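Next up: the structures, one after another.
Same chain, two partners: chain A is paired with chain B first, then with chain C.
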Partner chain A sequence: MTAWDTQKKARYGRIEAGSRFAEGKVVSKDSLPRFLDAVLKPGDRVCLEGDNQKQADLLAGALAGLDPARIHDLHMVQSGVVLPEHLDIFEKGIARKLDYSYSGPQSARIARMLFGGQIELGAVHTYLELFARYFIDLTPNVALIAAVSADRDGNLYTGPNTEDTPTVVEATSFKGGLVVAQVAEIVDKVPRVDIPGDQVHFLVEAKKPFYVEPLFTRDPGAITETQILTAMLAIKGLYQPYGITRLNHGIGFNTAAIELLLPTYGEKLGLRGKICTHWALNPHPTLIPAIEAGWVEQIHSFGSEVGMDRYIEARPDIYFTGADGSLRSHRAFCQTAGLYACDMFIGSTLQIDLSGHSSTVTTSRIAGFGGAPNMGSDPRGRRHPSEAWLKAGEEADPASPAPLRRGRKLVVQIGETFGEKNVPTFVERLDALELADKLKLDLAPIMVYGDDVTHIVTEEGIANLLLCRDADEREQAIRGVAGYTDVGRGRDRKMVEKLRERGIIRHPEDLGIDPLDADRRMLAARSIKDLMLASGGLYDPPSRFRNW
Partner chain B sequence: MSSWYEASARQRIDALADPDSFEEFIGPEEREVSPHLALFDLPEQFDDGIVVGRARLSGQPVLVAAQEGRFMGGAFGEVHGAKLTGLLRAARTLRCPVLILFDTGGVRLQEANAGEMAIAEIMREIVLARADDIPVVGLIGGRAGCFGGGGLIAGCCSTLVISEHGRLSVTGPEVIETNRGADEFDSKDRALVWRVTGGKHRYLIGGADLFVEDDVAAFRRAAIEGLSRRAALDILTLADEQKRLEHRLKRFGAMTEPRDVWAALGVLRPETVSGLATEAFLAEGLHKRENAHDAR
Partner chain C sequence: MEKLTFQFQTNRAAGGDKTQTIVGVVASGNLEVLLERSQTPGECSFEISTAAHGFGPVWEAVLSDFVGRSPVGGLKISINDGGARPDTVALRLAQAVRLIEEDKA
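On to the complex of A and B.
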């Protein structure tokens, strides 16, 4: 007779094995290695919570300390490969296969290990894609997660950095898997219940907060005048004409400059209330001056940001907060919001080719995708209209009858023609292709595909790719804003002039912008301290960003 | 209010000097560029990162030098150094006080020998000027801070003005970390870097004379005050100096955290000092700090 409850029984077995090292649900830190050894089995599919920001660091360390003779061939399914331990487990032979999304700080090491064959790569995903697969074909057997506090029943408070936790627990706990949470402390009553206790099987008290990476803090002091010029172009050349109210920003300095120009330059253009009111965005400190000046109505966040907690708690009209007052972030929901409910994504990239494909990989670094491809893509399932979406759709396809025409999300790449260390942003051939050859991948890791990109903004001007009618025009439009890079110098001057006459390329002067006005004095805050002051002292910048 | 930290060398001079009084010597139009940088395929700047000239400050004639921290970190090279040396020599001939607007990481590595010699020449000229009772006032509040040879030159000035953002030391945080490890000094812990080298600490331990807001008008007022302070440097000053340094070493020598030094000075709630606004900081620090003196 077929057994229909093998997973349930397997979980029961794991709980029984683990309970020998626990009091109720609570496992002591000392017994953690023996506990993990008891509940894990070779070949398990494991989600070791590594998010964009928060990290189950205690559990990661314990997992890396296990005996590979007993626990091996684990298949890791986690969005972020961030801590050294996340890769140590592959080096030691505890884990073998990896499906992930993002590997910022470990991008160089992960590339070496992939080349060296120490990691068997499933795929590099976007966040939503990996979360989706948690429910279809990558459901974890064991989830090792992180929260701020728990009660003895296992009710978890995840604090401002909820991030991926509800998604991971949902997939694991409701499909026969085991959920183990590290918490900073065990309390009698949690401030709010982010994860109900019956979905959590064991708790470990770490007695210290989990590690959080401050990823979204951009020091206004480092914003250049070229970046300010690109920001002015974006505001006057895109935000204003399309009437962008719902949007997501990337994390680069160009978009930080836009945030800091809203209360100054944007105000001068009379745009308050007309643009940038609704956001899918992490709590960027650089948005504080615009929030304080009354620009922003609401923000939903993927995660939190170090130092922003008190400010967020004091601004519940703006942010999503729990009954306890602190931020409730949620990566899966916010990614969905950014994909379907925003009219614009704007972000920077490392390389753009002649078709508009962009990528952040270089041959020695595999940073993964994170969420940018979800934000930076046109959702084919979208059905609700908006001014910006309809206008962009019309520009792309003026011939179709309006009621049958799809709108378009604006996907904007913004940056200087020469990026960090004077490396050209525009290239004939992406490094991603070389990487795909080297690793024998079916797909080159493209962050944003060319057919999703609608505009490219550089200090030379804006290229509107929606208005290009063929591949030739597109290529020349891209060359036409590529400045003095080889790609830019390879332009067909006559054709670029024609594109400019048609408004496909617009230079600062075409928009009535004087590049000499791009001055740091226009920034609403020019230092981290200015941001702190703008927040009324509520923003508490981490030590590494201070210059006082 | 306009930020000194944010301003360029030329913007600082414009804000500091009386309107339209500045006259530049060896300006960019003379293209007196570094003879060394081209060898390294590095870009040159027509003023070699320092603006020198004469101006009036509150009606009084002054000679001014302003380093541009955004060109090679304001570092001293051959031409850069020679312009300042020449200015200091002129100060003695003209018996005219000097303002040095520091913004420097020290000597330019690409022309290290010439840069080091320039530092020595400049120090010598300052000492000679002060022996003639000519004030040499240093102003520190730029992005690059005042490090390396810049720190040594600052130590020779008759008066030093510093803001919270200003940093003053000899060996920079990155160099210490490179040589001694992050455990010795974590250069990425910016709050620590500013606690140790920043304006507030320098002011509290008597390493700078006047503490001002990061504001060009505040620097101007302090520069005017600086010109009226005692400039002489003689054997008695040096003897006093030696005593003060011995005292400082005895009192703070074993401490590794600036907050401990501040506590020993009797500053209330040392942990809040970094966050204090200028006025509150001066109210707390003015009478508790080590007396300002030449030992910097």
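On to the complex of A and C.
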């Protein structure tokens, strides 16, 4: 007879094995290694929670300390490869296969280990794509997650950094998997229930908060005048004419400059209330001056940001908050919101080629994708109109009858023509291709595909790729804003001039932007301290950003 | 330090009547640009002193675009460069030419 409940029985077996090291659901820190050894099996599919922000650091350390003779060949399915332990487990032979999304701080080491064959790579995903696979073909057997606090029944409070937790628990717990949570403390009653206790099987009291990286903090003090000029181009050349109210900003100094120009330059242009009102965005400290000046109506967040908690709690009209008053972030929902309900994604990249493909991969670093390819793509399933979406659709396809024409999401790549250490942003051939060759990948790791990119903004000007009618025009439009890089200097000057006459390329002077306005005095805050003051003392910057 | 000089012909005279103006600072990745009205109206000359060696062709490209784009006839332009990137150079030059054409403060 066929057994239909093998997964349920397997979970029961894990719970029984784990209970020997627990009191009720609570496992002590000392018993954690023996507990993990008891509940894990070789070949398990394991989600070790961690993304670009919060980390189940205690559980990661314990996992890395296991005996590979007993626990080996794990298949890790997780958002972030961020902590050293995330790669130690591959070095030690505890884990073998990896499906992931983001690897910022470990990008160099993960590249070396992939080249060295120490990691068998499934695929590099976007966050939303990996979450989707949790429910189809990468469902975890065991999830090792992180929360702020728990009661003895396992009800979890995830606090402002809820992020991936509900998604990971949903996929694991409702499909026969085991959920183990590290919490800073066990309490009698949690401030709010983010994860119901019956979905959580074991708790470990870490006695300290999980690690969170302040990834979304940019010091206004480091914003250059070229970045200010580029930001003015974006505001006057894109936000204003398309009437962008709903948007997502990638991380970086270019978008930070835009945020800090809204209350000054944007105000001068009379744009308050007309642009930038609704956001899918982490709580960027650089948006504080715009929020305080009444620009922003609401923000939904993927995660929180270190130091922003008190400010968020004091601005519940702006942010999504729980019964306890603190932020409720949710990566899966916010990624969905960014995909379907935003009219623009704008972010920077490391390399752009002549077709507009962009990538953050270099030959020695594999940073992964995170959410950018999802935000930076045109959702073919979208059906609701908006001014910006319809206008972009018309520019791309003026011939089709309006009721049958798809709109287009604006996907904007912004940056200076030369990046850090004078490395050109524009290249003939992406490093990602070389990497794909070396690792024999079916797909080169492209962050934003050229056919999704609608505009490229540099200090030289804006290239509107929607208006290009063939590959030649597209290439020259890209060369035409590539400045003095080799790609830029290789332009066909006559053709670029023609593109400029057609408004495909627009320079600062075409938009009436005065170079004298590209001045740091134009920034609504010029330092982290200014941001703190703008928040009325509610923003509490992490110590590494305090220089006073 | 490398010294570079360039001379361009132009038929667009610089606007305003200030005799000189200065913009920027000498710092790593930045530059100082001094504009003086001292040449014949149809000419624009550059004297560059730069910390980064071997970028003559890039300077020539940046300056020739600048002369083609902005009214700079009759200007002698001296640059003290701390290894600024071309985008910073182009921005400073655009700022300088706007400053000299502004009314006397």
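The working rule: the second predicted complex is superposed on the first by the 548 of 548 C-alpha atoms of A that agree within 3 Å, B and C clash if a C-alpha of one lies under 4 Å from a C-alpha of the other, contacts with A are read in each partner's own complex, and residues count from 1 in each chain.
Here is the rule we go by: contacts are C-beta pairs under 8 Å (C-beta built on N, C-alpha and C of every residue); 3 or more make two chains touch, one makes a residue touch a chain.
Here the structure is a predicted model, which is why all the values come from computation and not from measurement.
**Q** For the three-chain model obtained by superposing on chain A, do chain B and chain C clash or fit?
**A** After superposition on chain A, chain B vs chain C: clash.
**Q** So, A:520: does it touch chain B (first), chain C (second), both, or neither?
**A** First partner only.
**Q** More chain A residues touched by chain B or by chain C?
**A** Residues of chain A touched, chain B against chain C: more for C.
**Q** Tell me which partner A:548 touches in the superposition: chain B (first), chain C (second), both or neither.
**A** first
**Q** Answer with first, second, both or neither: which of chain B and chain C does A:417 touch in the superposed model?
**A** second
**Q** On the A-aligned overlay, A:459 touches which partner chain: chain B = first, chain C = second, or both, or neither?
**A** second
**Q** Could you say whether A:212 touches chain B, chain C, both of them, or neither, answering first, second, both or neither?
**A** So A:212 meets neither chain B nor chain C here.
**Q** Applying the document's definition of touch, where does A:225 land relative to chain B and chain C: first, second, both, or neither?
**A** second
**Q** Can you list the chain C residues touching chain A in their complex?
**A** Against chain A, the touching part of chain C is residues 58, 61-62, 69, 85-88, 90-91, 94-95, 98-99.
**Q** Across the complex, what residues on chain B touch chain A?
**A** 2-3, 5-6, 143, 164-165, 188-194, 198, 200, 274-275
**Q** If we count contacts the way the header does, which residues on chain A are in touch with chain B in the complex?
**A** 221, 520-521, 526-527, 543-548
**Q** Would you pull the chain A residues touching chain C in the complex into a rising list?
**A** Answer in residue numbers: 224-226, 229, 416-418, 422, 458-460, 483-484, 489, 508-509, 514-516, 518.
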